[in-house]
Each structure stands twice: as C-alpha cells, then as structure tokens.
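Which chain is which? They are A, B, C and D, in the order written, and residues in each are numbered from 1.
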Amino acid sequence: MIDLDKPRHECGVFGAYTPGEQAARVTFFALHALQHRGQESAGICSSDGRTAHIHKAMGLVSNVFNEENLAPLKGELAIGHTRYSTTGGAHLRNAQPYLIETLHGPLGVAHNGNLINAPQLRRDLLQRGIGLTSSSDSEVMTLMLAGAPGETMEQRITACMRQWRGAYSIVVLTPRAIYAARDPWGFRPLVWGRLPAAHDGDGAGGLAVASESCALSTIGATHEGEVHQGEIVRLDASGFHRTQAVAPERGALCTFEHIYFARPDSIWDGHVIHHVRQQLGVQLARESHVDADVVCGVPDSATPAAMGYSRESGVPISEVLIKNRYIGRTFIQPSDRLRKSGVRLKFNVLAENVQGKRVILIDDSIVRGNTSGPLVKMVREAGAREIHLRITCPPIAHPCYMGVDMATHDELIAHRMSVAQMRAHIGCDTLAFLSMEGMMRAIGRAGGYCNACFTGRYPLPLEDIPDKQVFEGVFG
Amino acid sequence: MIDLDKPRHECGVFGAYTPGEQAARVTFFALHALQHRGQESAGICSSDGRTAHIHKAMGLVSNVFNEENLAPLKGELAIGHTRYSTTGGAHLRNAQPYLIETLHGPLGVAHNGNLINAPQLRRDLLQRGIGLTSSSDSEVMTLMLAGAPGETMEQRITACMRQWRGAYSIVVLTPRAIYAARDPWGFRPLVWGRLPAAHDGDGAGGLAVASESCALSTIGATHEGEVHQGEIVRLDASGFHRTQAVAPERGALCTFEHIYFARPDSIWDGHVIHHVRQQLGVQLARESHVDADVVCGVPDSATPAAMGYSRESGVPISEVLIKNRYIGRTFIQPSDRLRKSGVRLKFNVLAENVQGKRVILIDDSIVRGNTSGPLVKMVREAGAREIHLRITCPPIAHPCYMGVDMATHDELIAHRMSVAQMRAHIGCDTLAFLSMEGMMRAIGRAGGYCNACFTGRYPLPLEDIPDKQVFEGVFG
Amino acid sequence: MIDLDKPRHECGVFGAYTPGEQAARVTFFALHALQHRGQESAGICSSDGRTAHIHKAMGLVSNVFNEENLAPLKGELAIGHTRYSTTGGAHLRNAQPYLIETLHGPLGVAHNGNLINAPQLRRDLLQRGIGLTSSSDSEVMTLMLAGAPGETMEQRITACMRQWRGAYSIVVLTPRAIYAARDPWGFRPLVWGRLPAAHDGDGAGGLAVASESCALSTIGATHEGEVHQGEIVRLDASGFHRTQAVAPERGALCTFEHIYFARPDSIWDGHVIHHVRQQLGVQLARESHVDADVVCGVPDSATPAAMGYSRESGVPISEVLIKNRYIGRTFIQPSDRLRKSGVRLKFNVLAENVQGKRVILIDDSIVRGNTSGPLVKMVREAGAREIHLRITCPPIAHPCYMGVDMATHDELIAHRMSVAQMRAHIGCDTLAFLSMEGMMRAIGRAGGYCNACFTGRYPLPLEDIPDKQVFEGVFG
Amino acid sequence: MIDLDKPRHECGVFGAYTPGEQAARVTFFALHALQHRGQESAGICSSDGRTAHIHKAMGLVSNVFNEENLAPLKGELAIGHTRYSTTGGAHLRNAQPYLIETLHGPLGVAHNGNLINAPQLRRDLLQRGIGLTSSSDSEVMTLMLAGAPGETMEQRITACMRQWRGAYSIVVLTPRAIYAARDPWGFRPLVWGRLPAAHDGDGAGGLAVASESCALSTIGATHEGEVHQGEIVRLDASGFHRTQAVAPERGALCTFEHIYFARPDSIWDGHVIHHVRQQLGVQLARESHVDADVVCGVPDSATPAAMGYSRESGVPISEVLIKNRYIGRTFIQPSDRLRKSGVRLKFNVLAENVQGKRVILIDDSIVRGNTSGPLVKMVREAGAREIHLRITCPPIAHPCYMGVDMATHDELIAHRMSVAQMRAHIGCDTLAFLSMEGMMRAIGRAGGYCNACFTGRYPLPLEDIPDKQVFEGVFG
C-alpha cells in the first residue's frame, strides 16, 4: 500500500552564516522546505566560534527538534540535513550531519549524493588505519576531510574533491566559516543567497546555501545563483567567497530534479520547476496526443504537466484522483478481501469526472510498474471509457549510481518490457513516454544533464560500482 | 505559523459489521479516509459477540495503531473515531470511542457533533448521582445511553434522542450489533453502504456507516445513501434496519461540509463535493468577476473553485501558491527577523506566475482574518500587479454552537468589520464574498442547510449555550 | 526469573492538607515511601478549592512525575496512590486516583483493599443505569460515592460504608477537604499525622493520612495514630475531625503487613515493624531450633528475623545471600543451558560463609513454593553441609479475598502438601513454620488480626466471591 | 536529595565465547551482575564470524534490551558494557561498546578505566588526520587499535598497550575471537572463567571475562582467576590463551573496589569482598573503639563492616537506617518546609533502636562530606544519646585520575579540613577513620594497591592530566 514506484528522494542540505541570529534556528525553518528531499532523519550542527553543537534524530524536522534541543545549538554558523536513506540503512548512525573533532577543530559535514568510488576510498581509509562507524559514504568523506593535506580548508576540500568521483553537494561547518562544494559534474543542485540584516539599519546581512532555492525563500533569503560545478564557496564574516577547486566536467545535473524531486517553487538553471513541469506536459501533447474528453495528472507532481497538456491540446483538465494528505507509514496488513478490492488509502477517484469519458492520465515516471496498474484499474472501474497513460519522461531502463534509489536492473519494468508489453501489463488503452528531445526541450537545454537512467550512458566510468551489501554486512 | 484561520474540523465516525473479516482492521483503513476530520486522537472499539475490546490514543491513525494493538481488537463488529478537539481539551480522557459496561453489556460510542443542551443533560446526570470523568458531551451521551429506558437498543437510543438537542451523528457498538443515529436536524453527515462478501461465493456481505462516503469507497464498500434526519439504523447479522426514531426537523446540514470540511471525493446530497466546490467558483465568477490575467485557489480546498471560476470566466487558471506537504506541528519560535519577513513554512509563491499580473485569488473562508493578509502580501511581493480576493462563501459573522470551532463573536473579523474594512485590513485590491443564494445554487439546494454562521439564524433556540469554561474548570 | 513466590503487595494511599505548601508536591515525596506497596502505576489528584487536577500514569513515582506535570496540580489538598494490580489488569484505566465530577463538585478517590461484594455492588450500579469504564472495585466505590445520599460528605461516605463489605482504606478528595475511611474490620492499615507549619512562626500546620507511618516521617509529619475501624476522618482548614461511621467489627488487620508488606520503619499497633520481624525470629528459635553453625535471612524482609533468631539462639548470624539491587523487569528468555544452571540474577551466595557449615535459612513465607527450592539448591552447591529452612509464619493454605494476591487454592503449595512433602519438594534438611501462637506473640497481640490465609476462617462470610474473570471478560 | 557523597562507580565490562549459545544473550544476563558498576548506559556487540551486530542505549540493562533488539545480535562471540559517566558526558555517543570497521574487519571495544595520557594520544590521532566523534578516551583506544601495527591482534593490542598510560581493563571483539587486556599496574579488576557446554555431553564449553567474578557466577561460569597485569588473553574456538604483552609494573589495584565498588559476592585477590568488608570493621574496632550500646552500618555497603565491628568489639549490631529500595532519579524540588525538615527519601531511622543509646555508625567513606551531617542529625533527632562515626578507610584527600570520579581537590572535605574540623562539621560526637595499615591488613596485603586518593602518591607520574573541559568544549 505504500507507493514504492517512485525514484526515492535523496537528501537536502543547508548551511548558513547568520550574524545577529541563531543560525540553528534559521536552519530549522529552512529544513522544513527541504523535507520533501528526505523524511528519515534530520539534524543540525552549529558553531559558536569555539564549540560545535549537534542534534540529530530519526523522524521529520518538526518531530526531531523542540526548543529544548534547539536552544543549545548556539552560534551564527550552522548546517542542516534531511535524509532519505540511499546507501546505508535506516539507522541513527547514518543520520547527518556528521560532527568530528579534527586537528583543525570541530568539523561538521552534510552531504547529498553518492560517490561511486566510495569502496576504494573506504579501503584507502582502512589501509591508513582509520576505523569507520557506518556504511555511509558521507562518513568516508568526513574522515577524508579530517585528514586531508592543506593549509586552508579550501585546500583540504580541494584535495578531497580530486579523489571523490560521483555526485556530491556538500556543506561543511568549521569553527568560523561554512563551506559548500559541488562535484565537477554538478549531479546535485546547490544554490546560495543572501539574508537581510537581523536588525534594521545594521548593515551586516547573512549568507546561505541550500539544495534548493525554496529553502532560501522560506527564510527570507534572496536566490543569488548556483554553486558551480567543481566549485567551493565559503560563507563567513568576511562575506561570500568562491574558489574553482577542480575543473568542471561536462554538466550532468540529474534530470529527475526537474521531473520529480525538486519542489515546484524551486528555481534551477533559470527556470521555475513548476514551469518546466508544465512544459513537459506541453511536449507530451505535441508528441503523443490522442483524442480525449479530459486530461488529469496523478497528484501532486504530475498536476503541472496536466495543465500544460491541457493548454497545448485543448482537452479540458480535471481533477480525477484525490490524494489522501494524511497517510502515514503503516505496517498493518489488510484482510484478503481488502487486498483484493484494493484499499484506496492513498488515492480515490472522482467518478463523476471520468464516467463515460476518454481520460488522459499523466504521471511523472514508471519505475517498477507496480502502481500504475492499480491506478488505471481504479479509474476504469469508476467508469472511464478509455485511459491513455502519458509519462513525462522516457522509459527508465537503467539504475542510478549517483545517489537516486531507482531500483536494480531487474526491478525496472522498462528494462524487462517493451512499451507495448508495459501497456498490456498496466492495462491502459495507450501508453506513451515523452521523448528525450521533448524532455530536454521542456527543461530548456540541449545538454548539461545526466540522462543515464534513460540511456545507460553514465557520465563517468563505472569500474567500481558500490555494492551496498558489502558494508551493510559488516554492520548487521 | 500554524494556520488558525479555518473553521476547525470536527470528528469522523465509522462503524462496520464485517462477517468473515476482522472489523477493527476494516475500521483502521476506513479511519484513514476520515483523518482529515480530526488528527488529535484516534480509536477503535470492537465486539466479538461477548467481549468488547478498545484501543485509543493521541495522534494520527497510522501512529496510534500497530499490529500489536490492532490484533486483540477481535470480532466482526467495530466502531472507530478520529477526533478534532471541540468541547473538552486535548486530553486522552476525551479521546473516543467511549466504552463502558452497562446493564445490557458493553457499550461503545463514537460521536460527531455538539449538544447545545449538554450542560442541562450533565446536571441531570449529576442529579441522578452519576459521576463524569470528562468535560465531553460525548461522555454525557454515553452515560445517558447506559441508563436509558427501553427494551431494545433502538428504544433506548430513541429515548435519548428525545432529550438530545443539537448536532450528533453517533455510532454505537453493542455485543451483537452496530447502531447509528443522526439528529433530527441532520447537522452532521452520516452515510451507509454495503461490503462485498469476505470470501468469494459466500453470500454474506457486510455493512458500514461513516461520516463521509470516501471512507466507504476506501474499503471497497458501496455508497447506498444517507442515514436520515432523526433516524436510527442497525447493522447486524440480519442485515440493515432503519427506524425513524424522532420526527425530522427542518433540515440543517452544515454548509461548511461542502465549503471546506468534507473530502472532495465524498458524495453528499447526490453531489460530489469536488463538483460543488467547482460550482462555488462558477457562482463567484458570475457574481463578482473582475478583469484579470490569472485565477488561482489557495490549496488545497479552494483549488476546485478556482477551476470553476476559470471555466466560467475564461481567465486562465494557474498554480500560484505552493503548499508544503510536510509541515508538522512545531512550537519553535522564529527569530525577530524571520518573524518580520514572514517564515514561508506553509506556502510559497510561484513568482513567475504572478509577476506583473492581475491575480484573482480564491479562498474558501475568512474566519479571524489573520492569514489572508500575509498571503496577499506574499503574492504582492512576488510581483502581482493587482490582487482580487474572492471567498467561496458569505462573511462568517456568528459563532457555531453545533460543534464547529469557528471562533467567538469577538474573534470573527466579519463580526467586527465591513467588507470594505476587511479589504483594507487584508490589503487586497478588491474583496468579494459569494452570496448566500450563489452558495446555495452551487450546492444545488434552496434549503435544508444550516447557515447560522452567516445569518445568525440558528436552527434551534439557544437558551442554554454550553460554556466550555464551566466543565474545563472542574477538570483543570 | 522474576520472583513470584511472594504475596503481592496491594496499594499505598496518601492524603494531605498542607496550608502554605503545594499539597501535590508533599504527596509526591510521600508516595516514594509507599512505593514498596505498588510499582505498577502512580497518581496524584489535587484541589485548589475550586478546580481539581490530576496526573497518573503507569510506572514508578519518580518516572510518572516531573516538574512539568506536577506544577499544574495546584492547591493545598491532594491525594495520591501507588498501585499493585489486584483485581483489574495492568491498564491505565485501572490507575488511581479516580477523579470524577459529581453533583457536589469534583471527587477524587484512592483505595487500598478489596470488596468481596463488589460484583453485587456493580450489578446495583448497572441496574441504576450507571456505566462502568473499568473492572476495578475502586471505580465501583467512586461511583457509589458520587450518588450516595446525605447532606455531608461524611453522611455520604457512611451510606456507602454500610454497603461495602471487605477491605478498604480509602482516601477521598473534595474541593475543600480530604476524607479518609477504614473498613470496620480494619483489614488494611491507615494512619494519620500532623505537619509542621510551612512558614516559621505561622501557627497553621497541615494534616496527613497514609497507609503507613513511613510516609509520614518521610515528609516530616508526626505519627499521631490510626484511623480506627469503621471510622471516617476529615482533614481541612478547621483541623482534624473523626466520625465513627459504622460500628467496628472484630479486628482483622492483615498479619502479612507485619510479616512482609510494611516497610520495616513503619509503626503499627504500637510496634515498629522491624522489631516485630526480629521477634518473629526469636519465636522461631524458641519453637524449632536446630543445632547449626550459622543463621541467615533471605534479604531483605527476613533479615530482621535472622537477627532475632541469632540473638535468641546464640547461633551467629551471617550474610549468605547477596541480592542484586538493580534487577528490573525483563522478558528476555535465558538459553537452555542458562535455564538449567539457574541464572543467578536475583541472588548469589557468599560461598565462604556456608562452606562445610550447617545453615539455618530464614524466609518470610512460602506461597507457591517455586523459589525456595532453587535457593536451597544454590546454598547447597556453595558447600553448605545442612540447610534448615525456617519460615516466619504458618503455612499459607488458603487464598486471600481481601486484596492480597496470594494465589489460588491449587497454586498454594501448603494446600496440596504436608510440611514433610514440602521439605522433600524444596530439598532442605529440615523445614519448620512458625506457629500461629508464636507469630501472634511476636506481633504482641492475641487477636485483632486476620489469619484466614493460614486458618481458612475468614472474618466475614464469602457468599459472593469476586470472580475477576467476569469483569475482565467485558473489557478484553 | 540524590546521594552525591560516594566515589562514582566506573564501568563494567564483559566478554564471552559461547559455543552453541547466543553469546549476546549470555552477555545480557552477565551485565545484570555488573549493573552496580554503571547505570547510565548499556550495550552489547556480537560477532557471528562474519558480521558484527550492536545495540546500545541510555538506561539500565533491563530497559535497554528486549527480545526484539537482542535477537539480531547473533553469534557465539559478544562483549558488553555498563557505563557510569567518567570523562565524557551523559550522551549516547559516549555509550559503549564502540564498534568500527577496520582493515581487519569489525572491531568492538568495551573499556573500564581512564588513560592519563589520553590528551596526548588524542593529539597524536588528530595529527594523523583521524577525526574523533566523542570526548571519550575509549574512542581514542578504539581508533588506536584500528590503526595499530602488527600481524596478529595480540601484536596490535601490545603496540597500543606500550602507549597507553593509566587504568584500563579492556575487552575486544573481532570476527573470530574475544580479547581482553589489563594495564600493567592492574588498576581495574578483570577475571575469567569457563562455561559448561551448552548441550549435555558436548565437550565444548565456553569462556568468559568480566570485571567481577559475580558476573561469572551469575551465568554459571567458573571463576578461574585474574587477567594479570600487562596481560592479553584470547578466547576463541581453540581455547584460552594468555600473552604477557608488557611487563607488569608495581601493582596498583584500586583499594576502593574492596571498600565500596565491587559487589560483596565478588572475589578478588583470593578474598570475597564481603569478608574483606567485615575485616574492615574488625580493624576499626581494634583501632578506634569507643564504649557504645549499639553498632550499625549505613546500608548497604557498610553493613558487613558493622558485622565485623560488632563481632570484634562485642557491641551488639542493630539495623538503624532503613534504605528506600525504590528511589529513582527525580528532579522535583521539595518545598522550603520539606527542604528544612529534610525529606527522608533515601533513608529513615528505626528510632526504637537508637533511643537513649550510644550509637556507633559505620560508613565506607567521606568524599565531599555533605551527606554524613544529615544522617547524623537524623539519628540524633531519633533519640541517640551519642553518635560515633567510623569510616572504613582513611580520609580521601586527593582526586583520582584513574577513572574514579572522586571529586576535585577543592571539593574533598578531607583536603580542606582536619579530622577534628570534619567532626564538628558533621556534628557527631567522635569521628575516626581507619588507618592505612588497618585497611591493608583487612584486605590481606601489604602492597599491590593504589592508595593515591589517601596518600597523594600516584603510581605513575601525572605530567599530562586529562582535562575534561578541553574535549567537552569541542562537543558542546
């Protein structure tokens, strides 16, 4: 009953220098806006210039923090993290930020992404006689930073970036500055902005970095731009500083940020995500239109695409699937009868909007293919005459090794089946996916994105794919 | 930061007879579909024919129940409840269902509504030497049922209904049957349906009653119709039985079920709520249209109205406010700067959809008037040229005494201000409310509804208004 | 592994009027001294003259209360309760005090004891149309008090006492006074004392009642005397008032308060419990002495008896069994090997004190007979040459119906076996029980005590024995 | 109200190889017998030959573990830990065992003691670029082991032992063996024993190491002897192996294990602790006897000494102070009146045993001197004519740097006052401490013990005293 047919979100990271304000408090509110990127655990780590403070726990941001545990996180520097488990299981030991004492004082790290050479880096650390407490590649990165050569933190981060291969948008806390860095491919988003002064007339405003711009606007910060590929930025009392640490590679931002991950009010690459999603619908209408009476999106992520489709095709849009906003995680098993009839916990149909009608149903993706069938069946039982399923991206036929938990090759339905087979499996009248070209046109770019899950052409060679089992095995 | 400017939901009730299935399990899934009616506490009470079982706790349905506490709730009869605190504070002692032992065996009660003569009924019980453990009128009803005269349960419920004045949709569990009753005014909804047989080919299907039809469709039940005003129904092994216990009064279903409370996929009075809400938008367009570039609804409840408005007026609809789906309750205070700039925890604006535009913003109601202002300010700061606020109901100028926690007279902005004053207070360019006639036309009825919060004309005399303070005082 | 071979404690009750102090705070500290009478749940209910306040929960006093939940329990009147489950299972709904609203204002009740006519009284309440939320006889008593006839609270309590048959020491909270009452047989202890003034030089001191005098001395109160059989006392601003509500019956204080229940520093009937327990050992030495090298008691309750035995017999006392002070409740199952070898969680032996020696081992009682055997085996394996088990009371051959959870007839080893059989079963060299006369001599009285568990002669006829199953069945 | 005038316990460690049994289960029961050595946190780490498993949490052993979290701790090898915070605050991050992945596979470590050169070792690790997650010296030891040179684990432990200066009894888990090591001074105890075969007739028995022998007897293991100073032992399928890793220094076992820490049934240096404590009382009677009517010990640790004193002096022993067995931690503040009168939460007096009498009161130590005064006052108010306080060790005038949280110089009353001043401060009639010679005679040894807290002569130079503040500062 839990929807498993989505690429799993990764993580959200945030960091801020907030003169005159408690940085951890600002971070708390910012993390709310990154909650969609991870609901498993949340954490904040702060520095008051001398001492570092941390609190992290399993659960939503609003459950993890209260005045009692937020108040001690003193100082004008803080980083925060929301986590969706990727590598590393659902254990508190995998919750972020990581905080360690190092030769250079306390070091806090929050990471979004996945290193494909983590196994090798891990072995290197072990060879150096360093022990690891978790299976997380973020701990590997933290311990590498602790021991990296260099006079300045920028130099030390640079030294690590030369070794890290894969996706990372990382935020780092030190006693007197926040650093943020993005991998040279730019797999994961990372933006920055300015905070108004805490007290009127006092000129000193703050600075913030975040996975998405929605976290900036939530706390009243401007959206100044992106942290560039291969770049390190520093936020401290002397302002905002950029360093091109390593040369940028050919751009490879994850297309799925646009398709599904990012919040619709976030801005990336100059475009509001919501607008891009509308355009995905427009492109679908251009590519695979079919005569119909009504078009609707599977809420919430496909709703903008349905709007775009409607606008382009003239087919009226309508709400058809009602989403239950209050579904929590449940492990209660339904009875046999309920299972057979399909417990409509997550979605219900507005029958009057589909009765006797030809319906275009728009969804954002098909991963394993186990939820589209029940949805189509539900709409058909409500009286739809025809159901035409349209997907706002191409078929996902290859796993992601850059931090998105798509599924394995064998689990991906598009790896096992043709579109025709999928159509039959799902039970819709027609099924069409958006073309790669159409998708990129909607995004507004010809290149600069990673589409490996559609094409199998990975932006960097995969000689050393991380095998989750290996590390999990050590910590049972 | 918590949105307080909505009429507060009341409660959801459910009851089922499920031959061949665990009724409590069916109830668990049904309660998910009634979660929007109350998130404070949840409970299920079941009967296995001889013994009654109960579990209830503070929190969401999915948090309150697990296999360990659900499994012992045995039997083919169960009732359930989701609660939003009305009278009686947020204490476990107010959680429902109530379960007591009586002369006639165990008796479970789940109630949605509010009795306006509860203080008098309470005094009567005390006079009879009966003690009360809570300030809830539902406990008063339960204890009255325990001691009511009559040979049959129907007779005993009827005896109580003759004394109860006000709003009640009540579900009652006895060892061998579920009963449900609705007040003669029909303030609160109550529907019933049939369940398919638990095992193929076995003719004996089940029966269910629920506050809304969405709970029926969630568990695969049909929607057969309403429990009528003043009616008692019985669900047991011999089928579905109706008794007109007291004569129906002039119909007074709460209009706000259509405006705001009910889930859009629920059906009432022959209409899908979603459709009614679209029609509210259509009526608004007819009554108070203004030239504009874009129309949008405050998500989620006003979205269908915006669709209707757009269709009727031709003004294109657009998403403008993005709602954060993951906001939990937090008691963390923002810093002064955050407070001033307005923490955008709940909503954010899609600036590109409003920049330089004339915006029609549709909301479902204005109660205290403290959230419309910040919303309008947010949209204006995003660049809107004009903002025209349209409300899908008339001004709320009078408190509700039938179980909806609207606010007191003094708190209601429409009690203190004219529309022009409200417009200035909120800061929009124009403000218009739907007329009573327009609203009823959208609902599709000329009468049969309670509109006392708009008109001040209460369906029954208020000589003995419950004063919450009295009972709360006794249990500090 | 949990020691089940003790008569189970009942409950502790406390009440106080504390001018100038928060009565609930005083009660909190007093309940610590009654913790040995019940560790399942704890609760406090207070009155500030107008409003009653309550907090109760499962667990130890120190876990149940914190500043946050204690502070709101305002007022100079409070009652408290520690509970060991007797009738009624381990549910929060059985936790005490009970607090209800009545015709005469809030009414709080804390009860220690057991009514043997509870089933009949329960039926009477149900016949009056009154519902019951639990299977506890204390709720029956509370609801009877709510509806009792009489102008004054004393009259209403008296009316109930005329109906209550069995054991009760009850403490009652009303808006302006604390009442306490004791059954006419005096089964359970109840004492009272005076508190010094809260502020120096201010003449108004307080008053307190408690199950045991140790609760009085813990909070700095004097021990003025007992609440007499059939008496009601009132504690309020006008002082301490006694009323002989019903005529005293032949005295029947539970002997086991002296043998095992009461804390050694409590005083009852003019004697410190510790002294009485020493005398039990003196009597044992007089009745059943055997030549030995060392005498020791099973800690902690039999240690004073061992001292008395040693003093009387001249056999040197020694510590032999070391008790683990940190054993909490565990449900972890030992492995087969551990089970066989006997996990020594609760006791261990000081081998050097028994090696090659003839040991007199003194215990306070044998109920089911399942722990004496392993203890004897442990001491023998440590090298004891002879083990002579001596018990500080006669064989327990009959169940208790007055609130002590002894066991059923079939479970009582002394009901099934002769002393010779028991000796063989336990594996000691000799086994002797104290005679009834010896026990009463140690207590210092010829009569006035209930010895029904030894003799089968119950102080009042048992025509209507409460059958726990009946009520538990209703609330599964 | 919480007794703070005791040297604080350190930690308990345990390790076992249990062929045919779940080692973690055996460890669970063994840890119960080490609960007195630490109640802050508990943890178990196991190995099934390939994977390591861990569970640790704040709280008592019985609260930390349940079947659900114990069952996954698979394998025939396990180590366990009970912790009393010494260096490092009360945070979960300081809970033990530590478990890390290393070049040689998973490594678990449980430690009792304190390294005085931890700051230097810490700096060395940081210099090597290794980050630390806590302020605990046990983490320092763990990370040193991870990177230590050597082919075998014995070699790696030996390499570390050459660097570790201070007190350590350490237990180490590797995939296929348990190791244990003890510092060359032997500050902390460490014993080992054999377990009978899990299945009858199967010759392969297990092996165990523990801080105290009571943990061995609890699980049915023999007590074979001590792990010697500077020794490493290995427990695995090939049996028990000893290695003299570093040369033993002059013996320096902590005298306080005998005085106060160890459980009375534990055996050390050939003597049962209980017997030693009796002898401490005998020596006191020889050194500082005074004419009196009764002698009593402050329960529980001074009770055996009172027995010895009585036996030697002929003054009858009596119980005077009753200890409340159910005192949990409470942060509730007493009212002013209660504070003045002294809330008798922990102890109460048996007045009849002291009225008009000359009392010799024996306690095990005076650290800060803040609890002896109230105890003496309580006994005097109960009617004692004279009170003679006798202490079973010399005055503690110097802090411990080997892991016992005695207090700082300034806090130690014996550092600030003469015995005469202390007597006046406490308010007893006479005060005497046992002499160093008397104490050692009771222990049965002339040397081999650390008495630095009495003499100020530390067994190893203190050039680099750990300053807790430094590390705590980094992790606020």
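In this section, a contact is a pair of C-beta atoms (placed from the backbone, for glycine too) under 8 Å apart; a residue touches a chain by one contact, two chains touch by 3 or more.
Here the structure is a predicted model, which means the values were calculated and not measured.
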{"item": "Contact-graph separation of chain A and chain C, given in steps at minimum", "value": "2"}
{"item": "Matching chain pair for B-C (criterion: over half of the contact pairs shared, by residue number), options A-B, A-D or C-D", "value": "A-D"}
{"item": "Distance from chain D to chain C - Cα centre to Cα centre, in angstrom", "value": "35"}
{"item": "Between chain D and chain A, distance of the C-alpha-averaged centres to the nearest whole Å", "value": "49"}
{"item": "Rounded Å distance, chain B centre to chain D centre (Cα mean)", "value": "60"}
{"item": "Chain A, residues touching no fewer than two other chains", "value": "none"}
{"item": "Each pair of chains that touches, named by its two labels", "value": "A-B, A-D, B-C, C-D"}
{"item": "Chain B residues touching chain C - in the complex, by the definition given at the top", "value": "48, 50-54, 72, 74, 98-103, 105-107, 126-133, 142-143, 146-148, 471, 473-476"}
{"item": "Chain C to chain D touching residues, read off their complex", "value": "20-22, 25-26, 28-29, 32-33, 35-36, 39, 60-63, 65-67, 70, 195-199, 214, 217-220, 263-265, 272, 274-275, 300, 303-304, 307, 311, 316-319, 322, 324-338, 341-345, 348-353"}
